[in-house]
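Two complexes are shown next, each including chain A; its partner changes from chain B in the first to chain C in the second.
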Partner chain A sequence: MDTLFAQLVVLESSLALLFGLGMLWRRGVPAYISAFLWQSLVLAAVAATVGYFGRERELYLVAALLVVVKALAIPWLLRDMERRFASERELAPYVNTATSLVLAGLLVLFAYAIMRPVVAASQLPTRTGLPLAMGLVLVSLFVVMSRKKALTQVVGFLMLENGIALLAILGTYGIPLIVELGVFLDALMGFLVMQIFVYRIHETFDTIDVDQLDRLRH
Partner chain B sequence: MVAWAVDAVQGLVALVLAPGVVGLVRWLKARLQSRRGAPPWQPYRELRKLFAKEVVVSTNASWLFRIAPYVVFASTTAATFLVPFLAVPRPLDAVGDLLVLVYLLLLATVFLALAGLDPGSAFGGMGSSREMTVAALAEPTIALAIFALALSAGSTNLGQIVARTLADPATALSPGHLLAFAALFVVMLAENGRLPVDNPATHLELTMIHEAMVLEYSGRYLALVEWAAALKLLVFFSLLGNLFVPWGVAVALTPGALAVAAGSVVVKFVLLAVGIAVFETRVAKLRLFRVPELLSVSFVLALLAVTSSFLAR
Partner chain C sequence: MNAFTLLLVPSLASALLALLVRPYRRVVGWVNGVLSLVAVGGAIDLWARVLSGEVPVAGDLLRADALSALLALCVSGVAALAAWLGPGVGADDDYDPAQARTFRIFANLFAATMLFAVTTDNVGFMWVAIEATTITSAMLIPLHASRASVEASWKYILIGSVGIALAFAGTVIAYFDFVSLAGRDRLALNWTVLRDAAPALNPQVMQLAFVFILVGYGTKAGLAPMHTWLPDAHSEAPAALSAMMSGVLLAVAMYAVVRWQAVAQVTIGPGFAEDFIVLLGLLSLAIGALSLWSQRNYKRLLAYSSIEHTGLICIGLALGPLGVFAAMLHLLNHSVAKSMMFLLAGRVLHRYRTAEIGGVSGLLRVMPWTGGLFAAGMLAVIGLPPFGMFVSEFALVRAGFAAGRPVVIGLVLALLAIGFVGVIAHLNRMLYGPVPTGVAVGEGSGWALVPLACCAVFLMVLGLTVPAPIDGLLVRIAEIVAP
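Moving on, here comes the complex of A and B:
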């Protein structure tokens, strides 16, 4: 039973990481959004799996919330934003695709290295997924740093949030529900604030390319 | 003795089955695009016709152009015999392991590229140059992806890898296997000239790769090259189907187990063919300059697969 649990969790965590890595190769904002959507669904599956095998009822609620907030509401809002800035679809990252893939690979290796003592000390059946979750956190941080458009940075930030949630679910079988709810609300509020911010950037500079922010208006 | 016979038979069956698999993919694709499509056994008819036709060779072509189809066909056939289809462990495992397999496939690729350059046509040279670009990025990924499996199985023998995974089914779901599967799938598309890297349905397009190299071939030479291409697809199908999802492969040489193995192999091939047909219907061809990026994705995935199965041991 425990081995099946461990295998399932690892499978789902690697799928989540796979969506994060696959995003680096894609160019369009819609591709970023759908990668995020799928990743959130996988995250919900992880929560449900841990809830089932770890007998934590609350995690089912977390999984349902994940589906509603991160797989339905936020992608819907993102698509709405994307439609508004339809002329700025082509992305121009600071780092080219091949280099960013190699860097992301190195980041995942780094995550494996730094999580070694944690994995060795842990007794949980979910421990093999921890380095993958840490890798996802690092890779999404890299996405935030290396992409130019505010919208893709927002998606990177949301993925970072996914990575942290994955780490929490795997490492502690979920934090208390009240904290989890607070995190959801935070993520949603943060996202709304960022949305307003992106609109303001677009209004002021006629672009959502953050490279343009260091010049004065016109 | 029985084991040798089974090995020989499974190789020969693969040889005969290969054009049918290509035909099946084409037929499924046609149905998905609401065309009637040629029946799945169409490639057999094409091969029969091509073998009967006269060979036309450019006056500029050297002996290399004439021997290349035989080298390509022979090395791909040899590779086919190394891949486990029905039963493990196999006596042919003593002949060669995964490194031999990768180099046999590469040998065929190199000779095909040389043959593309040999007659001096502009198209052939272009195809060869592109094929080499793709191959240089794809071959290391195949080796790495299978190494990820070899690491957890503790052997580079393909039959041994299947046997170990069968003995310990839990390993088939490890992150290493999943990442390696994704990597090998992308490489399979690139190596076999499928979408989004190359369009297998076209003869005259500036961006074609495989068809550009074999443009000068005709008659039985073309038949051999096409058959070898079909075999290569089958080799990749059985690598994906049997190394990653080994269930159904016979471990004992009883008629019952072999029948189950044959049935499961057919099911796996059909599933993979459906997968490719759906995928090819959904995606558009990539710009040539983005192909190296796609292949570096799969290389990074394979690299991660190796390290994660190394670290997770």
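Moving on, here comes the complex of A and C:
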């Protein structure tokens, strides 16, 4: 039973990381949005799996929230934004695809290195997925830092949040539900405010290429 | 009605009032001002209770020890300054009623989230509240929509959110550490529970958690090299918001670091946590001090000075009980001085219509009181006697020698001297010289100077002596953080 549990979790975590890496070689915001959508679904599946095998009923609620907020509501809003800015040309990121992939590989290795004591400290069957979650956190961080389009940065940030949620579910079977709800609320509000600002950037600069945001450079 | 009602409810009530009264009326601003003073009363009440040895709690959610009381005082005090001097009270400000309404709603929510962050016992909710500060304050930066302010708020919200997300990753890892030791517990995210469990936690795991937490909350606190959002956000925001961000938001982020440091250093033991903190602190101090030289904008000058002082506070935290005492005294000084300076800078900007240092001259002749206070505040900020920062910096230096870190202290003194010279040159240019054509001479809305003058007097008092009630509070904090 435990081996099946462990294998399922590692499979799902790998998929979540893979969708994160997809940001690096795919082009175009629609592809990023669907990668995020699928990643959120996989994350919900992880929550449900851990909920089932670990007998944590609360995680079913978390899974349901993940589906509603991150797989339905946010992708829908993202698509809406994307349609308005569809005419914008695609931009080359600060780092090219090949280099990005090599760096991402190194980041995942680095994640394995720093998570060694964490994995060693845990007895949970889910522990083998922990470095993958940390890998997703670091890769998403890299995506946010290396992209020029505000919308792409937002997707990178959302994936970073997914990575942390994965870390929490795998490492601790979820943080206390009441805090989890607060985190969800923040994530949603944060996203909505970011959305407002993407529109504002578009209004004031006629583009969402943040490379144009250089008035304040010092 | 418990010890926290007076502190937490007024700002929420003010936000609600501003939301309901539409269109905005000036009376909302006045009510907001009065309610903000009620919150200050609530903070003083907490302070008195803490001094009498009590630790007020409300369920498992709220708890106020000396550290919370100090931050509650700073936050409610600066929020009151912003409420009285912010948009929508005086007749001659640059804001229309819609902007004043937006300001009143979000500034009060901003204050409420900060006050909640410093009084909750649950580090998970502390995180939720600090994340919420980013959301509420980012809405206010482009109150005057311009390219620069939209850019500043985008940088702020993106870098701030990412930083805070990393702090959450750290929180999760620390929670993991607890769960692996003691199993799942509803209260495991309560700071008191974590602190009691700290000696038994896994040091290597906690080390990783603390790195994430320090980088994460350090981003919000403006520690280098994650500080890049800070000068933009602080210089583009409306004066009252800059005062809140620089005066207390940075302090609230440092508060989160201190809370975790108190847990982490027990688990990890001496060495790692302190070294990491000193490293980031020195880097911030260096970047802050060196950047002071090249600034052409006086609000950015103040912002870089905030980075410098956050760095100092950070260094103090790693220097044992004496250092914590000095750091917290410095935090109090910085809250008072920087909120006063940003509000004065707002007055200067309102009159001269430029934030360029080169565009401001003859300030002492144009607005003698504002200019005088501005000069006094600037001298306080660079650590001259008879102002409070001289005392706290002196205490920090002494703590450094006592803790056996003469090299760190040598670097601190050198960098402070560099910053000092950089600021003095700019200040001279602004105070003296001819009055530019088209700039009216004479103070406007003089009553607004009264609270600002009170800040200057308070700084001077702190420069002469540390009053017993404050001393008692700081001693208790040092006992909590560095037992």
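One rule holds in what follows: the second predicted complex is superposed on the first by the 212 of 218 C-alpha atoms of A that agree within 3 Å, B and C clash if a C-alpha of one lies under 4 Å from a C-alpha of the other, contacts with A are read in each partner's own complex, and residues count from 1 in each chain.
Definition applied: a contact is a pair of C-beta atoms (placed from the backbone, for glycine too) under 8 Å apart; a residue touches a chain by one contact, two chains touch by 3 or more.
This is a predicted model, so every value here is computed, not measured.
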Query raised in the report: So, does A:Trp25 touch the first partner chain B, the second partner chain C, both, or neither?
Result: first
Report task. Using the superposition on chain A described above, determine whether A:Val108 touches chain B (first), chain C (second), both, or neither. Result -> first
Report task. Have a look at where A:Gln153 lands relative to chain B and chain C in the superposition and call it first, second, both or neither. Result -> second
Query raised in the report: Does chain B (first) or chain C (second) touch A:Leu132, or do both, or does neither?
Result: first
Query raised in the report: Which of the two partners, first being chain B and second being chain C, lies in contact with A:Thr97: first, second, both, or neither?
Result: first
**Report entry** chain A residues touched - chain C or chain B, whichever exceeds
**Finding:** C
**Report entry** First, second, both or neither for A:Ser13, with chain B first and chain C second
**Finding:** first
Query raised in the report: So in the complex, which bits of chain B are touching chain A?
Result: 170, 173-175, 178-179, 182, 292-294, 296-297, 300-301, 303-304, 307-308, 311-312
Query raised in the report: Can you name the residues of chain A that touch chain B in the complex?
Result: 3-4, 7-8, 10-11, 13-15, 17-18, 21-22, 24-25, 97-98, 101-102, 104-105, 108-109, 112, 116, 128, 131-132
Requested in this report: Show which residues of chain A lie in contact with chain C when the two form their complex.
Outcome: 114-115, 117-118, 121-123, 137, 141, 144, 150, 153, 157, 160-161, 163-164, 167-168, 171-173, 175-176, 179, 182-183, 185-186, 189-190, 193-194, 196-197, 200-201, 204-205, 210, 213, 215-216, 218
Query raised in the report: Within the complex, which stretch of chain C touches chain A?
Result: 122, 124-125, 127-128, 131-132, 134-135, 138-139, 142, 145-148, 150-155, 157-158, 161-162, 165-166, 168-169, 172-173, 175-177, 179-180, 184, 186, 188-189, 202, 204-205, 207-208, 231-232, 235-236, 291, 294, 300
